[in-house]
Each structure stands twice: as structure tokens, then as C-alpha cells.
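This report concerns only the one structure given below.
Going by the order they are written in, the chains are A, B, C and D; count residues from 1 in each one.
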Amino acid sequence: MPDFKKILHTIYEKTKQLSDTGRVATYIPELACVPEDKFGICLLDIEKESYQIGDFDERFSVQSISKVLTLAMAMGLIGEKIWDRVDVEPSGDPFNHLSLLEQENGIPRNPLINAGAIVIADILVSELKNPKKEFLEFVHKVSGDTSISYDEKVAHSEKATGFKNYAAANLLKSYGNLKNDVIKVLDFYFYQCSLSMSCSQLCNTFYLFINRGKCLKNYDFLTVSQVKRINAIMLTCGFYDEAGEFAFEVGLPGKSGVGGGIVALLPRKFCVAVWSPGLNPKGNSTRGMAALERLTTLSDLSIF
Amino acid sequence: MPDFKKILHTIYEKTKQLSDTGRVATYIPELACVPEDKFGICLLDIEKESYQIGDFDERFSVQSISKVLTLAMAMGLIGEKIWDRVDVEPSGDPFNHLSLLEQENGIPRNPLINAGAIVIADILVSELKNPKKEFLEFVHKVSGDTSISYDEKVAHSEKATGFKNYAAANLLKSYGNLKNDVIKVLDFYFYQCSLSMSCSQLCNTFYLFINRGKCLKNYDFLTVSQVKRINAIMLTCGFYDEAGEFAFEVGLPGKSGVGGGIVALLPRKFCVAVWSPGLNPKGNSTRGMAALERLTTLSDLSIF
Amino acid sequence: MPDFKKILHTIYEKTKQLSDTGRVATYIPELACVPEDKFGICLLDIEKESYQIGDFDERFSVQSISKVLTLAMAMGLIGEKIWDRVDVEPSGDPFNHLSLLEQENGIPRNPLINAGAIVIADILVSELKNPKKEFLEFVHKVSGDTSISYDEKVAHSEKATGFKNYAAANLLKSYGNLKNDVIKVLDFYFYQCSLSMSCSQLCNTFYLFINRGKCLKNYDFLTVSQVKRINAIMLTCGFYDEAGEFAFEVGLPGKSGVGGGIVALLPRKFCVAVWSPGLNPKGNSTRGMAALERLTTLSDLSIF
Amino acid sequence: MPDFKKILHTIYEKTKQLSDTGRVATYIPELACVPEDKFGICLLDIEKESYQIGDFDERFSVQSISKVLTLAMAMGLIGEKIWDRVDVEPSGDPFNHLSLLEQENGIPRNPLINAGAIVIADILVSELKNPKKEFLEFVHKVSGDTSISYDEKVAHSEKATGFKNYAAANLLKSYGNLKNDVIKVLDFYFYQCSLSMSCSQLCNTFYLFINRGKCLKNYDFLTVSQVKRINAIMLTCGFYDEAGEFAFEVGLPGKSGVGGGIVALLPRKFCVAVWSPGLNPKGNSTRGMAALERLTTLSDLSIF
């Protein structure tokens, strides 16, 4: 194992000097208020040793990163049946997710784009009595941290403005690929996205994916095969239409969110979470991408 | 003028013998109950002489034909400003109207596809105090017939199942091209589509478009220029992705609806309404298309 | 009939004053040399009375206008069989003609877009012994003018640079919708587009389409039904993705070319040709569009 | 390291029993003649130990697998400048590669789809004096095997029928993203695709990509960073629109060809080549996919 402490320090200092720190997302009004100079990193290795720097302990809105967690929960609940309703191919197209949905008759390309995550949310709403409560309990167990919670302000903010998600859910419904009421599914979806977590908490939660399905406290949540598949989906689909770029520049499975967080991981070695709210034009954290690229270069560790 | 009485008779008999009468629309549950053997024609010439045959006097759900009437009312209210929010090009594409909307940043291709008609509905909801009531009054005045009304069952049926329209309206909203609340606009839109009219009533209403903007009772509703433009839009955009085919086979401006109605017209000569509920795969009345093709062949009258 | 002499004079003077005269096409190098201030109009009425102004007698490259003539010739040769290989719907999409071809398995949307015209060229190459010679003879007969000829420089210029047409022809070939050799078909196609004609000559040639298939010298070339159909296609497909706009603003069937020419016509009344080399962003002559809009406004004549 | 000998034996026997062996590609006439029951596997580990079974030593047409080798050669020649002309994102779309090219103004999605590989071919044609000869020498050096050669029959067969590739090259040319003559570039491209190699030879050649850029004979051909990037591109783009599925089911970077070959690899551990000519509907070897899925399951080795 490389000297992660030193590497994190170097990355942090170098990346902080970047002149372009991207732009904070404004499409969810509540997210627009986050100070753009926040920047934190946490890395947790397979031996449960952790390294951190900057605002690693401050909570932020994980947004799309939550899609990996709902996917994991849904796989645990209904297994391979998920793949009747959502595919595993990269979406490729930057701008027309709904048109892909139309062309492909209501089967979303993968579970990490919005339409796919809404189908996963629909599955959880079908399978769980109290989806919001039970999903949060799932996150508590996986992370071993019961302090993690939703940010209701963010959830309400998106509920009032997330028209593209309403469009996607209604389109899914028109193709028969949404079993529950649109409003009910999106209520859960907006809460799921509003999960508020720090870089440390994200590392603790994603430890599962580097440890063959066993969480920090050693409970089994997923099979080895399920973990491999989720990691594969993160690699090919985790960064919107910049998935190829991330694989090319960083070379790790991961998932980003418009709150400015990115989680990435090297199976059986480490997971890492970075947070910096400024986004690049493709919707991924500018400093987060730069930091992770430096990490795989300096550590000479990647899946490739 | 040709002998319309004889021509209508010939058309009616020949078309009735067609073995393929298409399939009644089922996507709005309430429409699926209409008996598929209904068939009526009415033709009204510029001299106000009318000719009819079959079920010409029975009311049916005009559906998309209403889009021409809301467009006319909106043009009367705000004039050319309409074209800032909706284009006048044929949509071309059979299957992915939402993707066109995405590619073109929320500006619908034309006011006769659903997304465009929803923008027009939004304009009426903005401009009118009581849109449902005032639009119905407009139809009463243009047609000179106060017995025309909405079919609430059809309106509710579509309200409960029209997910693609909810998707379109939310997508428009996400692009800022819907000023009012989605639910409010669609409530009006579903009522507008539920207008229940007979072939005779449709001819009386569309007389306006063959008479340079003056209705049956000689009131002015539109300018000559506005009528020409609406007629042009009907020709290029009135038949979903079969507009070219209709221009090619029939050669008249017109508009169809999934209720099985078609209105077509020759400016300064006549307008004609046909009703037969069975639709072809493109969503236009099978016998309606055949009857109108025979009409322009037998009468040797078309705009071309 | 209105006073066309006076109307043409008014149109010419008003349109000449337009500050924006568009930009001369440069993608065919040879066309880029044409002086951009050229401007001529000719109108020929059904009584064979003609009116002209400006550079009405100067020849220019008709380019896509020739597609109407090859279509007419092909319809005369093989009739309705054409429609097995090309559709009659507007293409709608501004930018991705090849993608439509892919989506629709090699059947071009209509015979007036490039891919469709290449299929028509292929038909002529199959049907004729000496396609270039025989097509020119056809134009000579229809127009009654044997001085019309190809511009070999323009043909060679496009042959050396028309890569999108090579792409389209090869794509057609890959779908089995091109029977002859790509190079052979495109050789004919580039010659056809290089036809050099004046506004007067265009009017003489297109007289056929206002006179129910009979040319100036009263020979029959097309049936009434064929003429109606070609006129319908011109209306819905004659102006690239500005067909709806042209129907809306002008209200006449017509066809434009990147040489800056436009022909338009009112069946049984008149045909008109305008030439001004500067194009708008959609590829249609800027002053040509403006002149024709004025013509239908001032004459109060349109198909609508 | 697992017992590869035993694993290969198990895989071979199990996969041979599959009832669906796919369909041999027929679009290149010369490939259609290959007997569909051919089936071979070779695995070479980082210690240069090799394991093989079945028709591992018989040569077949590597087709698209060659794209990885031309990419490697081009990266060695001009480095990062490649990425000005081709992107690194998965193409996503199964059916309309040319339309993506249109939408994205002539920049292919990645170097492993045909359009991207044609750009790479263009780079080699620009950089090399005798591209066919020098590329073959490159393959000889990397593999340490001078017996590898082109199959001229296959090259000519594709030259006479590869219309989609002519379409792609001309489209690239129209966007200025092809510097050399279309015919010249495609001549090289068809030869490159006709490379004839056995599973053993493919393993020897791809050893480079598991050994950080050093070939079997320990010469340096690529930097560590270049190898990582090519491996990343293979993972996200190596299997047409089944890349996500392959990552999900197999979890290794790799590349398939319509000749029925697949190469896959685990960096710093092993590379493996499988050959079975029958393809699945997405164009990847049916038995090849099944065999590789079994390999990563039985060996419990994958990048995830």
C-alpha cells in the first residue's frame, strides 16, 4: 500500500490551487447556497485504516450517489429480477435521456441515470412498507452510523422544481414500467437523493463494495457476484456521459452527485470520497475529478 | 361545383365495403367503447349548402381536432406572439416527440402535436379567467351551436391515464415553456380534447377556415392572413407523421383525432368532416382517409 | 388575375432594400464565385403571359430544384413503383438526414432531400441508356428550350467535394436501396444538380405543374394525379427543414436550391421563379423567400 | 493463481454443450465460409505460462480486434494528439453510429467503433510511409511472431461490400476529420481488419497490455499510462453496444471481432483469447462471451 497520508496531502494542496473550480449546481435551489470553496477528501483502505483532509467531516447532499445504495438494497430484495426493468448499458447520450427512453420503450439504459433510478425507487416502494424509513435504516446498517439522515429542505426543494424527473416518471408510467403512483415514487426518490453525508460517512458506507459485500461491521449485505456487478455498473455508467472519460483518466468504478461529491473505489484495496461543490459542464465535481486523477497517478493504483 | 350529393353517396358506399376498417383507439379507456362500425360524412360548401350521409349527426370525441380551435382562439387573443413558444415545422418523427422537444430545448415543433397544443392550452389558461367555460363559448359562437359540450367521462378517463401528456407538460415546464401549473394546464387540455361534436357540427365550426375568417353567421373571428396560416399548419402538420401522405393522397389541409374524426377543407370552396372510429397504425381514421382520397379524386378538387 | 407587372415591380424594389441578403453558399467551391447582388424574378401565368424583372434572364445553378424534374421524369418512367424505395413525409430534422436514413433502414424520407434524390437518380440510371443525355433532352422538351445545359465546372466541383453525398449513397447501398454503382449514380446526380437555367427558363419548365401535366407546347408529360402529387411533395418537403415556414409564410408549393433559386407555383394560376444567391441559415435564398412572401400577400393568392 | 489448466478444460466442455452457438457473420462474404463449430481458447499469464484448448492454434480473421493494435501504434506515434480527433465515451447506441457522428460534428465517440478506427487508420496513413507494411511489422514485433499476415481475400471481400464504412469515411471527410483520400484510408483499414491470427498469437500480442507496456520479449512499446488508458477504453467501448453487459457479466477489459474472436485481460495477471465464429445478435461471439463469463466466475478473478 502506498503512503496515502502523504498522497492525500499532496493531492489536496495541488488541487486547491486549481483556478477553475467549476460552478455550484443551481437547478435545485437549495443546493445553490453551498459555499463553493468547500473541499474535503477521505480514503478508507481495506484494513479499515482511514485518511482524511479538509472538509471531510462536513455533510453535503449526496444526490445521485444514493442511486448506488438504492440499487444495492433493491438487488438484495429482488435479485436478478431488476434486470427485466432496467438495462446495464452506458447511456452515451449527453442530452436526451428521455428520447432514449422513448426509443427503447420505457426500459432505462441503466440504474444510475435518473430514469433507471426512478425504476429502482419504484421497486423499493413496492417492496417496502415504509420505504423512506427502511432505506434510511439500510444506510445506517451498512455504514454503521445512525446519525445519517435526509435533508428535508433539499427534498422539498427538488420536489417543487424537479420537472424533468416528473417527466421521466410519467414517461415510464406510460410504458408500464412504473408500478406505483408517480407522486409516491418521486416523493421517495427526492428523499433518497437528499441524503446528507460526509466524505467519511460515504467511505464507511461504500466499504461494502471493496470488501466483497461485507460491511464495516462485517455483516453480509450482498454476494460477491452482486458487488462485482454494481462495481461494473459504476465504472460504465457512474458519471453521466463522462463515464468513459472517468474510466480513461481515473480508472476506478465510482459515482458522482450534483452536490459535488464523488465516491470511487479499488476493489479489495480502498474506497475514497471527495467533495467540492463546483461542477464541470458535464455535472461532475471539477476538483473531485482532478483529485481522483491525481490519486491514481500518484498511487499507481487503478483497475487497469 | 361538382355534384356533392352523388359523390358523397358513392364514397360512402365504396368505403363502407373496405375490409380493413382499422382499430378503435384503446389508450383512452373511455374511447374504446365506441362501436367500430360508425361511419358518417358531412360536407358544407362555401354557399352554406350542406350534404350528409350515415352517422353524420352523431357526436363523437373530437380529440386532437380541438387543437385547431384552441390555436385559432389563441391567435385571436395574442397574435404572432404565439410563435415565440411554438414552431411551425412538421414533426417528421413518428415515435419520439419528447426527444424532439429535448433536442429543441422545449420549443414544440408545431401547435398540432401534443406538446405544442399543451403550450397553446397554457396560453389560454394564462389569458382567460375561466378557460374551460370561455373556450366552450368560443366554439359555440364559431359554430353557431350552443349545444356543443365537453364529455366529462372522456376528460376524466384521459386525466387518469394520459401519462405521456403529463411527461410532455413537465418537460415543457423544465424548459420554462409552461407558465401555469402542470395539473391546471392539463385539466384544461383534457377537457378541450373531450369536446363532443358531430360531423355536421364540425363542418359548421370549420366554415370559418374556408370563409377567410368569417363564421357561418358572418362574424369575423380571424384575419385572412391568420386563416391562411392555420390552413398551412393543418396541411403540413395535421396528421401526425402521416401529414406528407395525406397531402400526397388527399391534397387538402385537415386535422384528425384519435376519436376517428377527420376535418378537411378546400379554402373558399368547402369543408368536410368524416367519422369512423377505426384507426390505421399512424392513428388516423382508416375509412376517413379512404373517403377523403375518393372525394378529391371524384370531385377533381384539391389545393394542388 | 392581379396586376402582376405592378406587383413584381413593387416586390423587386422593396426586396432589394433588405439589409440582410444572406450568404452565398460556399460548400461547392464553384458556387462561391457568384456575385451576391444578383436578383431576378420571372412569373408566368396559366395564359402563358410572362412578367419579369432584374436578372431574370441570367443563368445560375439550379441545384436542388432539379430534383423536381428528375422526380417527374422517374414518375413518367416507372410510376408508383417509386414509392417502394422512397417515402413522401417531410424530413423534419435539420441536421441529421443520415441518421433518419439509418433509423428508417435506408428508405429516404422523401425524394427532395439528397438521399431521396439519389435514389431517384439511381432509378434514372437504371432506366436510361444514357442518363445525362436523356435527362437533358427531357428538360429541353418540357421547357421547349434546347439551349439549357449542364455546367460541367459546377458538376466537377461538387464531384470533388460532395462527401456527404458519397456518404449518403454508400449508406443507401449498404441497405440495398441503390442498384447501380455509387460513383456512376453520383456522377449523374452531380450533373443533374449542375443544370444551369434562368428564372425565365425555370418558369417555362415548371409550367407543366400548373397546367395539369401539359407543357408549354401542350405535350402531355404527366397525369393530373401525378402533377398533384408532385405539387404536394413540393409543399411539404421542398424547403429542407423550412418547409413548414414556407407553407406558413408563402403558402405555395415550391422548391429551392443552394444556387439561390426558388420556384413556386399556384396550380392552374401561375408559376414564379426568383433568384438571389444569398442564403439564409436554413439554405434557402433570403431575398427569394422575402419576395415570394410579398407576392402572395400583395396578390392575395395562395393555396390556402 | 488459480488452476487455469483445469478451469479452461471445464469451460471448454461446458461451453461446447451450449445449444445456441450464434450465427456466423455473413456481411463480409469471405467470412461466411468459416465452419461454425470451431472453438478454441488460449490463456497466457503474466509469468508467460500459457494454457490452451481446442482450435487455439488455428488462424481466423481478427477484424475489430485489430482496432486495439492500430490504436496502440497511433498512441505510440502521436500520443495525446489522438484525442483531438476522437473521443473516449461509449457509443451507447446500437443502431445509428452515423447519426452520432452527425450529431457530434464528425468526432467519433471512441476509437473502437468503426468511425473512430477509420480516424486512427487515417492517422497511421498520414504518419507512415508504407502503412500496411509498417503496421504488420509492428504486430510482428509486439507478438514476437513474424508469421502473422493479412488475409487478402478477406480484405478484398470487405473492400467490395463495406458500404457502411465508405459512408462513415465520407462523412468524416465532410467534417474535415479525414486528412487522406477515402479510398486510401479504407484500403489500409480493410487490410488491418483482415489480420489473420490464432488465439495463441492474440495472447502473445496482447501480453503488452497486462505487462504495463512491455511485450513478451520485454521491449517497451507503450507507457504505463497509455496501457491503462487503452485498457479503460476496451472496458467501456470494446463490445459495441454490449460493453456494459460484458463489464457486468465478465468484468474484464476486452475486444471482440465479427470473425468470432474475443480477447480479454486482467492487468498484471493474464490475457485470454477465445474463438468461436457464431455471433449473438449484438455481433459478439456467443460461445466466446459464455466462456469468458465462466472464466471469471470459476477463477474469481476480475477487475471488480
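Structure notes:
Going forward, contacts are C-beta pairs under 8 Å (C-beta built on N, C-alpha and C of every residue); 3 or more make two chains touch, one makes a residue touch a chain.
Bear in mind the structure is a predicted one, so any value in this text is a computation, not a measurement.
Chain centre most remote from that of chain A: C (centre = mean of CA atoms). Between chain B and chain C, the centres computed from C-alpha atoms are 32 Å apart. Note on chain placement: the centre of chain A and the centre of chain C lie 55 Å apart, centres being C-alpha means. For chain B, residues that reach two or more other chains under the stated contact definition are 100. All chain pairs that touch, listed by label, are A-B, A-D, B-C, C-D. Note for the complex: chain C touches chain D at residues 95-100, 102-103, 163-164, 166-168, 170-171, 173-174, 182. Contacts from chain C toward chain B in the complex involve residues 87-93, 100, 109-110, 224-225, 227-229, 231-233, 235-237, 241-245, 247-248, 251, 253, 267, 297, 300, 302-304.
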